[in-house]
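Take a look at the structures below.
Each of the next two complexes has chain A plus one more chain, namely chain B in the first and chain C in the second.
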Partner chain A sequence: MNEGLDRHLLGLEGMSREGIEQILDTAENFKEIAKRPVKKVPALRGKNILMAFFEPSTRTKMSFQMAAKRLSADTYSISTGMSSLVKGETLIDTVRNIEAMAVDMIVMRHGFSGAHRFLSRYIDKPIINAGDGWHEHPTQALLDMLTMRDNKGGFEGLKVAIVGDIAHSRVAHSNIFGLTSMGAQIHICGPYPMIPMELEKLGNVTVFPTIEDAIRGVDVIMMLRIQLERMSKHLFPTSREYSTIFGLNRKRVELAHKDAIIMHPGPINRGVEMEPDVADGPRSVILDQVTNGVAVRMAVLYLQMGVTQ
Partner chain B sequence: MMIKIKGGRVVDPANGTDKVQDLVILNNRIVSSGDAKKSRSRVREIDASGMVVCPGFIDLHVHLRQPGEEYKETVATACEAAAAGGFTSVVAMPNTVPRTDNRSVVEAVQDWGARANGVNVFVMGNITVGGEGERLAEIGDMHQAGAVGFTDDGACMQNAAVMRAALEYSKNFGTVIAQHAEDMTLTASGQMHEGYHSTRLGLGGIPAESESIIVARDLNLAEMTGGRYHVQHISSKESVEMVRVAKKKGLHVTAEATPHHFTLSDACLSSYDSNFKMKPPLRSEEHIQAIRKGLKDGTIDAIATDHAPHAEIDKRVEFDQAAFGIIGLQTALPISLGLVREKVLTMRQLITRMTSGPAGVLGIERGTLSVGAVADVTIFDPKAEWEYNEESNRSKSKNSPWIGQTLKGKVVATISGGKVIYEDGI
Partner chain C sequence: MTGYFEKLMVMGEKEIRRALVRLSSEILERNGGIDNLMVVGIQTGGAHLANRMMKIIEKSEEKAPESGLLDITLYRDDAPMLKAPQVGRTDLDSDLNGKKVVLIDDVIYTGRTIRAAMDALIDFGRPKSIQLAVLIDRGLREFPIHPDYVGRTVPTAPDERVEVLLREEGNKKDRVIIYGTDENAPAKKEEP
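For the complex of A and B:
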């Protein structure tokens, strides 16, 4: 069981098709649990899972906690404010100490790229990446992919536009890695100061200067959250200009394939990257993404726990 | 005391020598075989057959960490590592705590050096007060105290007017202004070379242009002022090309490159191992090739290590938080010998870049085996393999990407001022 999965889930770069499919298929099976009156199965009963969020998170943390509890695992959480990291303890020491209390798995979010990879050299228990810096957010991409598969059937030849701040987006990175290895085609658009160098070498990726060109004919439009503090770093002038030039509105949506779906990893800056009537419109699958998030995280926790057994 | 080094391949680029012959040291000087016959000193014979005998190596770029960061390295421990690496002279960088921006710190570092194992410790002073790039430090006073050059290394002189003044003022003393070239507005929070791998790994980029833009500016200022300018740890192909052109124009320009910049690439960062994190960062293949070409044709005068010790608490942390820099005194020779094995450089060219090349950058009378010269001599076995590990490492820190590896090319003896300060297996 679980061939194609490594001990840790650090990212989607290099993950096999089989590995991705296994997670998506397992998630598909777990979806049904959410519809039961008693939303709980005993799959991970007696397992202790640490939720270590060293960066603010509402939705991802909640989603992981719900996933763990539906599988009957016990969860414990630390965050930056509570942890001894603020007292000068190193990340390794903090996590090793908690590992010594016999946790079975660590779900971690960290502000620095590669923090999970770094920790994995010193920690035996499986580490699940809930986001590292600008690098990867594999479970977000997996839930995005499950949502795409639900709506589009598969990935081969699927055209996906990702619009926004690519350089600082771990969501974009993981989606590019996961989707291109499954055969999808990625269209990218954003202010060029936010398009990292040599992006097209990551896979089947094409960068377009205008959002119109990027979304023309695509099956999926994924809008990324723009962080307004990036304005101070000379990456774009104003949110007003951003919304006019790179924002998604009803007129632009018409350029995509007629059955195109619209996605956003949240939280949305309404009126900046997306007009409210697009976010809430019939093509939007943004809330389905959130629903699928729990199922995908259940699948990840369940499968990764199996890797070590 | 007389030392007769017998049967080695003597390579002395300053004199164009490369042949199997004996080399004789009497007291602290190289002597002719005729002079040797007249002496009745006690003789130590060293059999150097199969070995290379050359001037002691000179490292233009070493962070000794003393004063201020003795938990990383001290002058004494760095000198131990230097001797084990075949270096008889090292040049201390001024980013100490407090800064080496005045005579008293220059003298203190020189004194610690004099009390170490016999490696010659030369000192570069800061160009500006506190290394802050605003006001010129007492360059004249430090020069008179023995400082061999000036740099604000660790940071880059951002202000063009101050750089101009430094280049002009240095002419009063015939000294060199060395630059850690980095436009800090372009590097900001950068962690590694900007390119495919930084994109893939989600790490902030340090573009090659952050170096070459400063080198371009400084070369213009060097031409304008006639000052002597040295590019430290050159890492980009554009910089190498500009230095080449400047040399052709006849400017007083020199450059150094580190072993890691001509052997390791940014692909090494994939594991987020902070022993591959340094400034300037490891760059892509095209830059590596340009540095190799520059070493070959003499655009780059010297191989320098940028030996930068950091303790575990500075390095074994998240990549973004890890300190920049690696140690390099003991690995410089075996890693650089790779260029000879790959036929990029001849043995003579390699030794030039480690001896007379760096001596020429500073204008110091070292790096030669001429009769009468101070007897700084290194003997190494280019074929011997050894393991570089925590036991053989002499530095107080162990932040090296090569730690735990078997390396080819081993120093068997280091002689400084006629005294054997390191030996292993002779």
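For the complex of A and C:
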């Protein structure tokens, strides 16, 4: 077991198909646990998992905590405001001190791209990336992929449109890496300054000038959140203009395949990237994504705990 | 299975079929039919046998009892040593409160699987009773667990392996085989 998985889950870039499939298959079998009267299995009993969230998070942190608890692990959490980082302690020192208290795994979100890779050079215990800066958010992409597989059966030849601020979106990056390695075709659309240069060189990625072109005939529409907290005025004039040019409304949805599903990593800026009637409409699988998130994170915690160095 | 040699075929197609028919009858007899009965196969070998027994029971009673599927991976006491073994599907939709649950497994050995299965079942509710049916009892128990229905008792040594090979898993024929590590050791020949 666990061929195809590395010691740490830093991102989906370079992860093998086998690794991704193993996580999705395990997650599929974990879904049922949420429907039991006792929503808990003893698989990780006695394991200590640190939740280190150095950036605000509601659903990812909650989802990881729920996943850990459903596997009977004990969780401990630190966040920026409460940690000694504000006293000037370095990240390595903070985490090494916590490691000295014998944690078995570290789930971390950090504002700096590459923080996890950096830390992985100094820490023995498995590190799970719960989002690093603009870089990757692998468990979000895995839950997106599980939701797509549930609805569409597989990835080979699947057409997925990703619309929005690609450059600043770690969700988009992880999805592009994961989906292209599984054989999907990615259609990209967004404001030009928010599209990374040379994106098409990844292969199976096409950049389209308008949202209409990008979503025509696709099986999946993934709308990204406009991250107003990461924006400067240069990149983003007004929400209304963005909504007019790149927002998803009912008329635009009609251009996609008739069975297309609509996804969003949340939290939604209603009326900006997506009209409320689309977000709440019959094709929206946004809440399924959230449900799948717990199962995917259970699979990640379970499998990564079993990877030997 | 490198390093193992086929020692003895304990059961063939016919023997397995007859044993399953007898086990099914015993279950029906002991429980007075299928009322309140629930047959639960343990993944993966037990699940196939449970399917076959369900068909036998359905034929005899003209109605199938409730059934379920149980994967015990997450309840194993040796899971940390095995490095995240693959998790299978569990499907226990029906309410098992007050039911007479019959667990089906292919081989009982140390009893640890059954301990795990009982822990798992109890997370789904409070069955009235739990009974255990196995095709092979190979002895060497480490826990105080005893099957209620046994297809065949086969004394084995700890370095031997007992494999129940079924058509459902892509085998040409149903067979139960004992494998040993020593090629030259004489097989314990048993009359069927």
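Note that the second predicted complex is superposed on the first by the 303 of 309 C-alpha atoms of A that agree within 3 Å, B and C clash if a C-alpha of one lies under 4 Å from a C-alpha of the other, contacts with A are read in each partner's own complex, and residues count from 1 in each chain.
As a convention for this text, a contact is a pair of C-beta atoms (placed from the backbone, for glycine too) under 8 Å apart; a residue touches a chain by one contact, two chains touch by 3 or more.
A quick note: this is a predicted structure, and the numbers were derived from the prediction, not measured.
Superimposing the complexes on chain A yields a three-chain arrangement in which chain B and chain C fit side by side. Of the two partner chains, chain B is the only one touched by A:Pro196; chain C is not. Look at A:Met305: by the touch rule set out above, it reaches chain C but stays clear of chain B. Of the two partner chains placed by superposition, only chain C is touched by A:Pro42; chain B is not. By the document's definition of touching, of the two partners only chain B reaches A:Ala115; chain C does not.
Contact with neither chain B nor chain C is seen for A:Glu275 once the two complexes are overlaid on the shared chain. In the superposition on chain A, contact is made by A:Gly133 with chain B only, not with chain C. After the superposition on chain A, the angle chain B-chain A-chain C between C-alpha centres rounds to 130°, nearest 10.
Of all C-alpha pairs linking chain B and chain C after the chain A fit, the shortest spans 28 Å. With the contact threshold set out at the top, not one residue of chain A is in contact with chain B in one structure and with chain C in the other. Residue ranges on chain B touching chain A, taken from their complex, read 188, 191, 194-196, 198-205, 271-272, 313, 316-321. Interface residues of chain A, counted against chain B in their complex, comprise 13, 90-92, 110-115, 117-118, 132-136, 167, 170, 173, 196-199, 201-202, 233.
By the touch criterion stated above, chain C contacts chain A in their complex at residues 71, 73-75, 79-80, 82-91, 119-120, 123-125. On the chain A side of its complex with chain C, the touching residues are 1-2, 26, 28-30, 32-33, 36-38, 40-43, 71, 302-303, 305-308.
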